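Common to both upcoming complexes is subunit A, partnered first by subunit B, then by subunit C.
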Partner chain A sequence: GRVKEMNTYAWPTVFGGAGGESERTRADIISTVEFNYSGDLLATGDKGGRVVIFQREQENKSRPHSRGEYNVYSTFQSHEPEFDYLKSLEIEEKINKIRWLPQQNAAHFLLSTNDKTIKLWKISERDKRAEGYNLKDEDGRLRDPFRITALRVPILKPMDLMVEASPRRIFANAHTYHINSISVNSDHETYLSADDLRINLWHLEITDRSFNIVDIKPANMEELTEVITAAEFHPHQCNVFVYSSSKGTIRLCDMRSSALCDRHSKFFEEPEDPSSRSFFSEIISSISDVKFSHSGRYMMTRDYLSVKVWDLNMESRPVETHQVHEYLRSKLCSLYENDCIFDKFECCWNGSDSAIMTGSYNNFFRMFDRDTRRDVTLEASRESSKPRASLKPRKVCTGGKRKKDEISVDSLDFNKKILHTAWHPADNVIAVAATNNLYIFQDKIN
Partner chain B sequence: MFARGLKRKCVGHEEDVEGALAGLKTVSSYSLQRQSLLDMSLVKLQLCHMLVEPNLCRSVLIANTVRQIQEEMTQDGTWRTVAPQAAGRAPLDRLVSTEILCRAAWEQEGAHPAPGLGDGHTQGPVSDLCPVTSVQAPRHPQSSVWEMGGPRENRGSFHKSLDQIFETLETKNPSCMEELFSDVDSPYYDLDTVLTGMMGGARPGPCEGLEGLAPATPGPSSSCKSDLGELDHVVEILVET
Partner chain C sequence: MSQKQEEENPAEETGEEKQDTQEKEGLLPERAEEAKLKAKYPSLGQKPGGSDFLMKRLQKGVWGIVSYPLSLDVLLCVDEIEGDYNMAKAKMKNKQLPSAGPDKNLVTGDHIPTPQDLPQRKSSLVTSKLAGGQVE
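== the complex of A and B ==
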């Protein structure tokens, strides 16, 4: 059944630095992971502004049980560090988000963004080369025109497959604050980009202007108490999008009602539990990610300690709440002190919306089966990932006597955080980014 | 832990032989912890000398936390008593927290990266609640104070600088927190401006006392830049251009 599926993830493919912690460089830290619409391609972005795309091998008919493995397909530098001379501040090249466009021809397109600039990249294959030019030699040097005595027609010859990435559009200068989200519309022509205070709507063909559709900047910045943390278009209704806030609220907006969507159509907020109120209540309620289900009926939000599933028809409270690491509730002050409380975890749905996944600390990640209400904690680490063995469920000991194989809360490594995970849109294949390593797990059971 | 409504220890008037120690014990642990949280939050809001723009979401959340503490302390009446002149347990309260914070600062010189650098900087395993002893205090408090330009006395110690904060904060009403986000229509890096009063043309905000605090340690790419004075910084930018 479905329960087994979560416990049988195996066949890890690991990409990343082979060295230990000392060899880890900041630039390698993966900052975003995203499957494309078919799941054949998996893109990662890192702190150094690089994008690495993995491609799934075609399944071999002679080996029907072989898994389609992922291998590196293309690597390119998407963003470079910039210096804003006016403010004397560096603009980081870190890739905050990658979103694929639906495929329309042989080439693949994706949007990648850092804090300030969004770029549209075209990734195309070249397996033929033209030879026999008239005006230049084979090595590209120009020929002396006077030496040319005859004309020839260049012919196409096969060559080793080359994957090229070229920037097709650069959408810049539209964000004063840091971009946290981009989302492609279901019309496949427009997309939104959101920063801390504003959301802009772009047309993919037009780079010199965008429409501002949400602006929560107060007239007097002294009154600023809330920021936008994530935004996403509805998967099917091209006029609808949602955005989440640092106060744990979600607003659903309909672009048909007005050009500037400062008035929301729906407002989702769970009433606070007065018994658990503390000085950290607001911080842990801040939503770090919001994702629509594939069906479009639900959306999921991630706050510091939990994942919540909301029915779009019910604004008063979520329909499901899943605890990710409730044992951290008693450690909030320490986590505030070392800034872990500000970590932004993402979350994702599986293809059928029956399961959800999110990351935690100590290289743990959590999966929740919505149908059976079962959940499991798994670990992404080289030590615990043998090629053919299933991932062993992990358990954190929250108090009392620690059982064998359990880990106590105080032993958790808060440097090892899994912020980014992705689920194949159809199959049971998951990608988990653990600092500078990418783990791809496949389901044993067909 | 910090839940409101948490019953506090009854503060009696003890005349034990232990003296100060007994006084410490009778000080409400809740007040102490709340004070530590306030101190920690104010340190976290220090943004000077960071070459990369700080995270607005984080700043807003920390500022809201400070505001909450302020409001509660105002309701308690304890906000008023955090004054140098006040007698009673309040100075003891403050003395403990700032002294331990100082110790933490000097112990941590050169050891820890700045708060707020996001993923990538080292964080040890979480220990039990011990907020005062492991605050990520800025490096080189002495040298930075001297290197910063501007009309300012040579304050010297971190200890004194925190006093400065409380003096300035207590003279204002609780809504002074709004000043942190003053400067209409400017990006939030001006929070930096208000807090440190470093950059030319900065509005003299109520938190000017914070400029006495050493800057938070900057990111790895700018470790040399952090110690430059303002003028040097400007010259460097011109040269790089």
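== the complex of A and C ==
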């Protein structure tokens, strides 16, 4: 639906530890959030390698104001920490990305990846149990065949719903560098995985082989000038994908043109004013996320300070640039020192592509309405999330005089970063990951 | 007369300098930040996008400090070494036949330590707090 009033988000559902700094363990930090194609399921991955899936309650006709809340549906350990003995490096179990497969039967499938290994998980429900077996007792012990004097037909009895997750495929050993993206193709048979220097194409059924479709590793590593930061398949054209770089460029590739897509079909780059170049220019131009619009006509890129919308038909410059937190431009020195300048923010579209959302610091997140050109800053925090009240828009004060309710740039908490956000594919429901807490906001009934 | 001029000139100069700095900060806040950074770290290179910088990033996987002191040479020939390593591992597997007798018969020194013998890092057995249900 359209974003009618952007500051009508309310009804927060909050998941996660309630304690202060001391209770928060590193493993609980949410590292990815993703709705499935229908929006009924929401998956999160964390630094501890765990996946938690939430399911939306069916809207109850007898309770018309029930908002279709999300409750925990399943949780499982997707990845374990490993050790790469050759490089003396620990392979983190942190889930970098989760991508759902379109639903084809009663079960749900998702791909989850850490730095090195992608896994296909099947999540299925079991609500019936067979009872009355002939050869074994109810507790599973085998019956003595000579004692069986009559045959019976086992019957199915209802049982408490059990949701099981099982790994169906493990796609390993294809990436020398750290995987930053996975993307399911619109053909529903293949998917791509991208690391810093290479992109591989996989078939969902085949785990022992993958095709390398992009390789930007130079023959001499001293000549390395840029790395791949994100990659995504086009939502409708199964032969097209894009990948972004640390230099702020995006390359669109067509797999029909050649097996190895080292030569792009389109090259997107915004011209830079050479007089404004600084030490930080390249770092802040590095694209941390790229997302196609649902329509497939546009793509959106996130760099450190802004979100840009590109028309796929125009490579010379973006059609829209939205400032996320321009006030940080005069703080780049300290942001470089505390490494925040390297934070990788994601971005997302709403279902109708009329609005976009991305995170910032101090648990703030930003929404931009592309039609009305209005934008709003909201906060994901327990203090500001009263059950029925709308989220109050926030404002950061940059100048000298700070108005009441404004927060000054120097008071921002740079440890409270919202890197991961997700928007329901059809409704105005958003999921915001604030470190170890997950906030789900819904649009108020108008 | 000359005294008056002297008095005037310093004020003029200060005025110009002030305008310059303001201009710099107003139009190019990045440049002012860059100057700040270079003042703190004079040995900082001209631009950060060099291959050293990027290679550190490849090692760690994310931007940030490299935690393990690996030499760059090792990193560069990783592809070749990996092949050799797999060969050596395969050889070791062949060597280690399942022993018939109890372990205490093995003489210390005959036993070749393998990565599997190293203490494993504890896996995350604790359920995520997200799965604990809605907080409010």
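Definition applied: the second predicted complex is superposed on the first by the 420 of 446 C-alpha atoms of A that agree within 3 Å, B and C clash if a C-alpha of one lies under 4 Å from a C-alpha of the other, contacts with A are read in each partner's own complex, and residues count from 1 in each chain.
We take it that contacts are C-beta pairs under 8 Å (C-beta built on N, C-alpha and C of every residue); 3 or more make two chains touch, one makes a residue touch a chain.
As the structure is a prediction and not an experimental result, all values here were calculated from the model.
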{"item": "Superposition on subunit A - do subunit B and subunit C clash or fit", "value": "clash"}
{"item": "Which superposed partner A:G16 touches (first subunit B, second subunit C, both, neither)", "value": "second"}
{"item": "Contacts of A:T44 with subunit B and subunit C, given as first, second, both or neither", "value": "second"}
{"item": "Which superposed partner A:I30 touches (first subunit B, second subunit C, both, neither)", "value": "second"}
{"item": "Partner chain in contact with A:S88 - subunit B first, subunit C second, else both or neither", "value": "both"}
{"item": "Subunit B versus subunit C as contact partner of A:E80, first or second or both or neither", "value": "second"}
{"item": "First, second, both or neither for A:Q55, with subunit B first and subunit C second", "value": "neither"}
{"item": "First, second, both or neither for A:S246, with subunit B first and subunit C second", "value": "both"}
{"item": "Which superposed partner A:F280 touches (first subunit B, second subunit C, both, neither)", "value": "both"}
{"item": "Which of subunit B and subunit C A:L412 touches, first, second, both or neither", "value": "first"}
{"item": "Listed stretches 1-9, 73-81, 91-99 or 127-135 of subunit C, narrowed to the one that overlaps subunit B", "value": "73-81"}
{"item": "Subunit A residues contacted in one complex by subunit B, in the other by subunit C", "value": "83, 85, 87-90, 92, 115, 176-178, 196-197, 221-227, 246, 276, 278-280, 282-283, 330-333, 336-337, 339, 342"}
{"item": "Interface residues, subunit B side, partner subunit A - complex", "value": "1-4, 33-34, 37, 40, 44, 51-53, 55-58, 60-61, 63-65, 68-69, 115-120, 122-131, 134-136, 178-190, 220-222, 233, 237, 240-241"}
{"item": "Partner subunit A, residues of subunit C touching it in the complex", "value": "25, 28-34, 36-38, 40, 44, 46-49, 51, 54-55, 57-59, 61-65, 68, 70, 74-76, 78-79, 81-82, 85, 115, 118, 121, 123-136"}
{"item": "Subunit B-touching residues of subunit A, taken from the complex the two chains share", "value": "26, 29, 47, 83, 85, 87-92, 115, 176-178, 196-197, 219-227, 229, 246, 276-280, 282-283, 286, 330-340, 342-343, 409-415, 417, 419"}
{"item": "Subunit C partner contacts - residues on subunit A that touch it in the complex", "value": "12-18, 27-28, 30, 44, 46, 48-50, 52, 69, 71-72, 75, 77, 80-81, 83, 85-90, 92-93, 115, 176-178, 196-197, 221-227, 246-247, 276, 278-283, 329-333, 336-337, 339, 342, 344, 382, 385, 387, 436, 438"}
